[in-house]
């Protein structure tokens, strides 16, 4: 008995543009929003969409990510008929030891995993996007259109469009052309890197692509163009809501800030029951001191705050000493801001100590990153 | 606060000598003893010895093995202060993507994992041995002798000794020489591939070995000789009891047969509370038919037996039809022996169907292996 | 998808003699590996109903133990799980200790989950019912209440004392007690589907009519004013309503047609893990026509039996048509026929114990005979 | 390593007014994130005692819920876990519903685990006690029974009604009730260590003397004939034996010296996961000197408070020296001082509620005021 849909999360990239933040962990395992990690979002979306088999494809620094995902308990994916499976690049009998060469190749190397579940549809996700999305609605659209491939798109401004892969569509949202970062965009429907494939088609195109020597083995560059060339039925599915690719230090900072203000990205369940699940730490409740001033800020358990904090996000076990000042900043787990220190518009990486009297990024033009790790 | 001891299980090998049985899974994930997999033995030994952090190093076909080990729930290793961590070969920031090159290299590539637990001692195990051992007693010996490295040894017969790595020891069991498969053994103390290192020493020798270009990065060939050369304190620890390396089809078959007869390898907890934990399947209890004859045999849940079975081991969901005959054989999960078929001295791989009237290995000289997978 | 809460109703007056002296029917061992309650819990789980409350009538301890790991039944822990609902106030007062009082005492469980429908089902009627199909039919019927029934042809032999329905055009016309005088009956499986609001209204009405009323009572009572949908279940159903029925139902599973109906690949029966090794058949073993759980060690003759986990059957022992619970020991040369041996009991070799198929003997938990 | 079974003893007569109307002391919320029982369970877990039974006296439901995932406390599921022990027979009979009857009713739990020692400890005395050290001292003493005590200097203010010990050379000379007339006392923490055989013998003896006797009674009674070791515990201990004591103990944790003593890196306090987001401080938030759990949304003025999970404090609200339980809502412009607001209650903005530090006001679960 096959599963209707299996989700595959691409979580193997190095995330070099996150600099020191990914020196020791994979991008999807980077901390976000006070108590989450980035991959909590696609995994929780899967759980909330009723998807119960999720493969997580890993390669770069896969240990912490793998042990974080574990068997999926945190997202309720550990039942007898559900699974969160870690799929690392690995050695196999016939092909030997091979790393993942591109997004499509990563899925192609796990065709046996997919075959075992015999799904009708496969959902391809990225492990590094922040958003709340009901994939079940997208699947309904895919089925309704009888599509071979449905690509989730976001309607961006014309100005931004040239930074994205753009889907040029007909009135019925069928896709007739795909342009990667076009200089003169014909449309503003940007691909979110979220695909639903009818598995038979996906399987066929992956097998064919694997044999092509000059392929990048990439969904955007190779698979979609090949399907378009064959006149397969490709449709866009427009997602409305908050979505952010947190690929850079700047965008990671911005997404954290958005948690404070954006009404779409609401974590307090005001609109509907769409919890983002995450790990729970053993920390005590946050202790707010006699001299604390906290405004427009997220603070999570284990924190001790006795200073002034505004417009910031404080992760587990952060301490802010008396008379210290933290403004528009993201303090990763275990950060200690000593008395009288000041931090402006910065991401402070795990376990960094900002010494008494130290002032970080006072002019606050760019986002500053302070880390114990070195990385170019 | 560091852990006293962290265990590392080497589970990455291809196990080529198990032929088709390891075409699709890593050797430690091979089924054994009716309801177990081989790696249940070292993992259960760890759990029963009070070890609560176990790293499992994977490379070959790591998906099924990784999802089987999961987060260690099956062995009670999923508590808040315990862990079963899958450590696949992976890409890292400074070194890039590197496969494990040898037993010592595999551990060396996970020094950061060990450092995070800051252990005093590290226990190195193989994922493919069948035995019940209290590592806590070995650790006590290691501490008592003030050893840098303790090697578990088995006293084998002089005849067998030249098939093993042999530890030549003084009266106090201190090791003065290590000989790999000596033609003329001076001793019968064979290394079981089980090591307890004082972590400081291990770390130092791994770091040094990693820099050597001509090294095999192997414990037996490189690390032990290097330590002996430096006059480090190496001791042998003699293990008494059942122990088997199930590296070949023949030895895997033999170990299954030993379950039927060997009193040391007892799974029925007659002597002491040393359970081998494993997964539980959802199968119904075994159903024994009107015409069944079963003797000297292990049968597990989900089986339906209506034929004659003797001296065999039947795994989950095996069916043996009426008038079929199974003798001295190992039937892996899902095997169907149709009515009137006969099987002698064989390992029948997962989901193989032995057709009605088919006769396997009647002369029963060598162990026959029947599989749906092809492998040289 | 509609939101559904499941309730396992343990408020039945089923008495299995010694078997239920210290435990409720729900946690009596079944087929050597399961507890009776595993079937209804698996039905909820397989029907994707993740929020399940258990209406405990009495003797909660063995249930605590059996259910301590709710995850065994594959309920999604993020969306629900198993909740034990107990009405301490009336635990020792049999007249008031009924399902309606228990639900009302624990009404917060339903209120919190805000279900569209509530499915109530007992543990002691063994089925593999897909509740999602029953709910679909219920919704389509437009009724606020449905009763699930099964047409049986041996109502003179089984389900005696159960309710039967008179059904016309899919609507319940009358509910009456099966006295065993007629063979063909539409037997109520005591499984009810309610629109949540209708359930709560009904319970409150029941309390007004009589504080002794239970669910069965009030359903009969309101039948004239309310349209109650009748949903026919066509799969396997067997009731365990007496010691003798327990014995017969267990034995019936040795019939491969019966066990094939219940144990289907797409409908797993979940239960706790026990970390027992495979069963070991020794050289004098002679076993036929039996269900055997893991961890047993058998060196004797066994036929027509259900052998539980870690049972040991000694050399020369002869065990026929019997049910041996987990951990029990039948020593060498003992002879048993038509006996139910409860957990951890020990039968010494000097003994020869024979009951009859209609009146099996019973050996108490832990007894040495 | 010696095998130890832990028993959490909930047979105390502690009454926290409204807080314990529908739940036992054990599951009353503590510091916004914990249940009171989490401390003793974490102590067992951190002391590597994996087999723990909970002697439930009454109101089991909220405990079922809190304990449904025994794994939260990190008990090794392969070596033990949490077992709920309940004495249904005497649940409604206060004179007989005591710890001795409960242990005897559930003696199978101890027999099955065959421990060398049994540690019995209550939930309502908050400590971070390493039982393994107490067991070591017990073993070295050669005594079969130990009582853990703490020397306190304010026995006129706290632990009134508790037992105190007279100790000489580490041996208990006398046990008496603290009447609050003397400041310096060696107060019994109601934590006992028994050699298993001695415990069982003692319980049977107690039943012979009087079926009303509980553990405290029989220990006093046998003191003359038996050597009882006294083990001094020097860490933090606070008793929650009244509504007012609950309020004071909670408030005392705002003192950083107190909370640092209890929340130690090597001694985690385990509890259930709740999947709540971080707490959001809005632009009018003004919070000092408070414990705040996750998931709260605060836009008002808060000081000297304990704020539970998913509490909302509206703009302009002023909350002082109060304890707000999870899910409660303090609407805009409400003013609270010295109030305990139970779960999911709602304080409307028109209200101004003021209690005193000695007599805090109480708002019931779910109330709207």
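Every chain is named by a letter (A, B, C and D) in the order it is written, and numbering of its residues begins at 1.
In the analysis below, a contact is a pair of C-beta atoms (placed from the backbone, for glycine too) under 8 Å apart; a residue touches a chain by one contact, two chains touch by 3 or more.
This one's a predicted model, so the numbers in the text were calculated from it and none came from an experiment.
S.K.: Based on the averaged CA atom positions, which chain is farthest from chain C?
M.R.: So the chain farthest away from chain C turns out to be A.
S.K.: State the pair with the higher C-beta contact count; candidates are A-C and A-D.
M.R.: The greater number of contacts lies at A-D.
S.K.: Averaging over Cα atoms per chain, report the distance between chain C and chain D in Å.
M.R.: 38
S.K.: Between chain A and chain C, what is the separation of their C-alpha centroids in Å?
M.R.: About 46 Å, centre to centre.
S.K.: State, to the nearest whole Å, the distance from the C-alpha centre of chain A to the C-alpha centre of chain D.
M.R.: 42
S.K.: Could you list which residues of chain D touch at least two other chains?
M.R.: As it turns out, chain D has residues touching two or more other chains at 77-78, 268, 270, 275.
S.K.: So which bits of chain B are touching at least two other chains?
M.R.: If we look for residues of chain B contacting two or more partner chains, we find 73, 80, 275, 277, 282.
S.K.: So in the complex, which bits of chain C are touching chain A?
M.R.: Residue positions touching the partner: 1, 71, 74-79, 265-266, 268, 270.
S.K.: If we count contacts the way the header does, which residues on chain B are in touch with chain C in the complex?
M.R.: My answer: residues 33-35, 260, 267-268, 275-278, 280, 282, 284-301, 309, 313-314.
S.K.: Under the stated contact criterion, what part of chain B meets chain A in this complex?
M.R.: It comes out as residues 12, 14, 22-24, 58-63, 66-67, 70-71, 73, 80, 83, 85-93, 97, 99, 110, 112-113, 282, 375.
S.K.: Which chain C residues qualify as touching chain B in the complex?
M.R.: Touch residues, chain C against chain B: 31-33, 254, 256, 259, 263, 268-270, 273-275, 277-295, 297, 306.
S.K.: Which residues of chain D touch chain C in their complex?
M.R.: Counting only chain D, the residues touching chain C are 58-61, 64-65, 68-70, 77-78, 81-86, 88, 91-92, 106, 275.
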